[in-house]
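The structure appears right after this line, and notes come after that.
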Amino acid sequence: MATINKSATQINATILSNKRVGSYHQILINVGDVVKNCRPGNFVAISVGGDSSKMILRRAFAISRVSENSQYGGSMELIVAPHGSGSKWLCSLPEGSELDIVAPLGTAFGIPTEPINALLIGGGYGSAPLFGLADVLKARNCKVDMLLGASVGAKIYAPLEGKRSVNSLKIYTEDGSMGEKGRVTESLLEIVSNRGIDVIYSCGPMGMLRAITELVAATDVIHQCAVEESMACGIGICMTCVLPVENEDGQVAMLRSCIDGPVMDGSKVKWDLVGQIPEVQQ
Amino acid sequence: MATINKSATQINATILSNKRVGSYHQILINVGDVVKNCRPGNFVAISVGGDSSKMILRRAFAISRVSENSQYGGSMELIVAPHGSGSKWLCSLPEGSELDIVAPLGTAFGIPTEPINALLIGGGYGSAPLFGLADVLKARNCKVDMLLGASVGAKIYAPLEGKRSVNSLKIYTEDGSMGEKGRVTESLLEIVSNRGIDVIYSCGPMGMLRAITELVAATDVIHQCAVEESMACGIGICMTCVLPVENEDGQVAMLRSCIDGPVMDGSKVKWDLVGQIPEVQQ
Amino acid sequence: MSLPVDLSTTLGNAWFPSPIFTASGCASSGKELAQFFALKDVGAIVTKSVMSKPRHGRPTPRMAETPSGMLNSIGLQGPGIDSFLANDVPWLLEQKARVVVSIAGETIEEYSTLARKLRSVSGISAVEVNISCPNVENRGLVFACDPDASRRVIDGVRKTIGGELPIIAKLSPDVTNLPEIARGVVDAGADALALINTVLGMVINVDTMKPHLGGKTGGLSGPAIKPIAVRAVYQVHAALPEVPILGMGGVSSGRDAFELILAGASAVSIGTASFGNPTALIRIQNELRDILAAKGFATLQQAVGFAHREETQ
Amino acid sequence: MSLPVDLSTTLGNAWFPSPIFTASGCASSGKELAQFFALKDVGAIVTKSVMSKPRHGRPTPRMAETPSGMLNSIGLQGPGIDSFLANDVPWLLEQKARVVVSIAGETIEEYSTLARKLRSVSGISAVEVNISCPNVENRGLVFACDPDASRRVIDGVRKTIGGELPIIAKLSPDVTNLPEIARGVVDAGADALALINTVLGMVINVDTMKPHLGGKTGGLSGPAIKPIAVRAVYQVHAALPEVPILGMGGVSSGRDAFELILAGASAVSIGTASFGNPTALIRIQNELRDILAAKGFATLQQAVGFAHREETQ
């Protein structure tokens, strides 16, 4: 019956492990059959703070990767940056804690039916969903290169297993503490043309997504980006998470990044209008 | 400088142990030198729910007993009934958790300078402060008898060590599941006269305190009772916890049960006016 | 152990099998929640306030979480009444949901225009008139804050829509004298009242040191405002005991819903709670049924306004 | 790393070394908090509203905890002005605390009487006039909800008290048009405004199925109302940028205080937060100092109303 949030369910998940990795926490949760419906790009919305919490809204986190065959049934990995009180609470939870989650939510990265040359670009914890995506792309015989960037080395998330699923991995940090000094956009056009990139998949801060879009605007490269807007509900009912996006008629609509995103076509997002209101067309 | 709340301090205490005992939790906390100022009858006010809690007010608990010589320095025992969300949170805390407490607060039971015959009466968790009191009275060579009552046996709190410090202990339950069937007031006057009781010390539901007061009104027995009113601050600044009490001039004043109590002279409390407002006298 | 409780309720001449409704603007047009429960299983779907033309709403950020609450400044983004009636209403009716259409306007005329379009639509249960909107003809003063403007909006809608469709006037708590506004809209033809809309609030972003929301001020909702909602429902029920109330504001459990019902609400909308819990309506409905049974009520109706019993006996 | 910040502030001609004050009714007359910090170390002690005669206040229960807030209905229990001036004020002055005396009345005359008694007391810094009280001469309508009555109270106090002692008029947020009330009391002679008093609310006890508080309705305070306080201060500062504001409502951290200051408050009262944390004022004062330093403010004054900078440039 439902057309929106199809296959999303609300379940109690158990934390299987919670490890600090650099500046982040890698949290593995037991979610059972829910994994069957999770695609790279989807996210999960988690209740935070427990029963007597003053935090009434769920927190959104990208699904980093899922495994159907873990010893516990389906499990899902999240990469969480301890930011404010909700994410810090999550990072503080011991193994065995129960979480109230809604998943999977949102759009997924489009997977090509042909083998293509893909470039995956992650900023900070934005790399999280890219490793799961790399696995899927590799399984379709795509060539997968990856660029990761962050302000400092501790904010680069690149697990060993993850590295195995990409053909090349290049790391940039703004302070040069890991990889090259600079940003992922540094030599982007060069990389795109040298490697014959067909599609860029990106996830990270809005500024990075915008910069990538602008750089590749003049090329034929398709840019699928996972956006991050402040979300109250995560399921399309509150209208807080909107972004100005060009629709088929060339008009700008305020689309909900929770159900029409987080994965969007970068070239359609009106980055210069974010935080503003376009004129109404009729 | 301070005359009110003298010797109260706000400290972080660590939970040393947390055991279920019948319907209650016996919680032992490490409070250091604070124990030096704690007297039987005093209470402690505890922050509940953690940093992101929607519960903004402290919860009050009678100090059951203190020990200066525990292996951790001073420690304090609380007997907590899991009632609403705050006390349930407290009961759920594991050993090692930190608590933000303010203690000691409120008035203490008056301790006679002469050896007297004392009758201690506790209702439900109201027995908690009575065992510490019994120790002090025994040290002053008083004869200490005790009556405990509750609706059911699981709500009688009477630890083994505690029993040792009283000369006699009689238990009543309303359903007869432990001790005698009935209430602590059942044969109170008989006990008072048979044993030559000089002072009754009581702690428990307001209905019990009122009933005791009324029973002994015609006798010479002094009745010191620890009242329990809903408290927002516990330190005398909010005026929510008031009770109508007769003062020296025979006039009724609305006294704060947090600083002029919890221990009060039962015969001065205007039990019939609780929840009402006396006429203003000028 | 307990007898089944008759949860059915009425607002004006509209009948609902349950008093638990969505709140306008907190369920979009229903489709998004259908994955989580069958829309026909709750009392009614109150749709997001619709205006006559499509609207983009306010700039982002549109929300800020606050202690036990949230601020929003959506600004009535929506498709406009024509698209809404063509696409959303038929779909909801197909789901066999009871539909309460919420309308909003910038002029008294716009409300009447909307009412005219609704008049010809069959199958909807009631119209909720959201008058917490700035009146462009009067320095942007919110209709609901002006007794006269409130009355004129409802009067216009009543005259246009005819006598059949129940009108629920939705009021703002941001007024000095709520019973006065309530009395005015009832006199003008409202069959029921919806209480309360969000409370005007603001959050300042400590980093940018500017108002956090794109629209600067926003509406406060969620458990933080529940005591204000209970007071509003109680006050208005005391003043107008015959007028049914659709209560709302911070309800997130069956106990909360029961509190509003005791205060005088005949039905209860669930708004912000659905953001934190997509199945909130179902859980609240079940909990409410259990509480009513435990308290010995055979019907919801017996509990409506029960907290007033001292005054009326 | 950061320079010392000048925290001093003024309300009318009264100077305070720090902008962090207690809130009336949330510190009794000061003695109770003296165990937890030296009263002279904070900006000022605002005493519990005192009336001309001793009062018992409202029946218990007088409080209910609500999500991130609480309701109270104390009903201005107190010793009356004579006892207060004889016992409490001298003690506070001995502690070298700055004292702001809050007064409350049931008639316009009572406020003037109170002002007359205060006039002769030396050492107090300001008088806060709590006009959120029922006016017995006008069907119990709260003074602060009636622009005319508000003005007359302040006018009476101003005329009685003379020109020296600053008058801080304390307003209720439960009004349709707060800037209008604010303008009225300023015209009548208020030197500063205190915003906000509690928000009218109610809790129904689900067990007894009756209003929980002895006084039925109560005042909502605490973090739940902070967004309402920020909005009120911002709105009134925008309308009357020259009038100093003593902001309050749900402040429980230095960030919260900073938010109110950015919105336009020259000083901030801490009420309910002291119930949860007896040393709240000191912690908040320290946190505020650190935030101001981190943001590069050399003086508190520079931050007052800073969130309005776009509009005024």
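To keep things simple, chains are lettered A, B, C and D as they appear, and every chain counts its residues starting from 1.
The working rule: a residue touches a chain if its C-beta (ideal position, glycine included) is under 8 Å from a C-beta of that chain, and two chains touch if they have at least 3 such contacts.
Here the structure is a predicted model, which means the values were calculated and not measured.
Smallest number of touch links from subunit A to reach subunit B?
Steps on the shortest route: 1.
Starting from the Cα centroid of subunit C, hunt down the chain whose centroid lies farthest away.
Taking each chain's C-alpha mean as its centre, the farthest from subunit C is B.
Looking only at C-beta pairs that count as contacts, which pair of chains has more of them, A-C or B-C?
A-C
Between subunit C and subunit D, what is the gap in Å from one C-alpha centre to the other?
34
Roughly how far is subunit B from subunit D, centre to centre by C-alpha average, rounded to an integer in Å?
35
Once you find the CA centre of subunit B and the CA centre of subunit C, what distance in Å lies between them?
The separation of the two C-alpha centroids amounts to 47 Å.
Could you pull out the residues of subunit D that touch at least 2 other chains?
Subunit D, residues with two or more chain partners: 67-69, 222-223.
Give me the residue numbers in subunit B that touch at least two other chains, ranges are fine.
In subunit B, residues 54-55 touch at least two other chains, as defined above.
Assign the assembly's chain-to-chain touch graph to one of these shapes: line, ring, star, complete, other.
Topology of the interface graph: complete, with all chain pairs in contact.
Touching residues of subunit B toward subunit A in the complex: what are they?
That would be residues 48-55, 85-86, 89 of subunit B.
Okay, in this complex, where on subunit A does subunit C touch?
So the residues of subunit A touching subunit C come out as 1-8, 10, 47, 54-58, 100, 102, 229-230, 232-233, 235-243, 254, 259, 274-278, 280, 282.
With touch defined as at the start, can you tell me which subunit D residues reach subunit A in the complex?
For subunit D paired with subunit A, touching residues are 67-68, 223.
Please name which positions on subunit D make contact with subunit C in the complex.
Interface residues on the subunit D side: 64, 66-69, 71, 145, 174-177, 199-204, 206, 209-211, 217-218, 220, 222-228, 230-231, 234, 250, 255, 258-259, 262-263, 291, 295, 306-307, 309-310.
Going by the contact rule set out above, which residues of subunit C touch subunit A in the complex?
Against subunit A, subunit C makes touches at 25-28, 31-36, 38, 48, 53-63, 65, 67-70, 72, 74-75, 77, 95, 214, 222-223, 252, 272-279.
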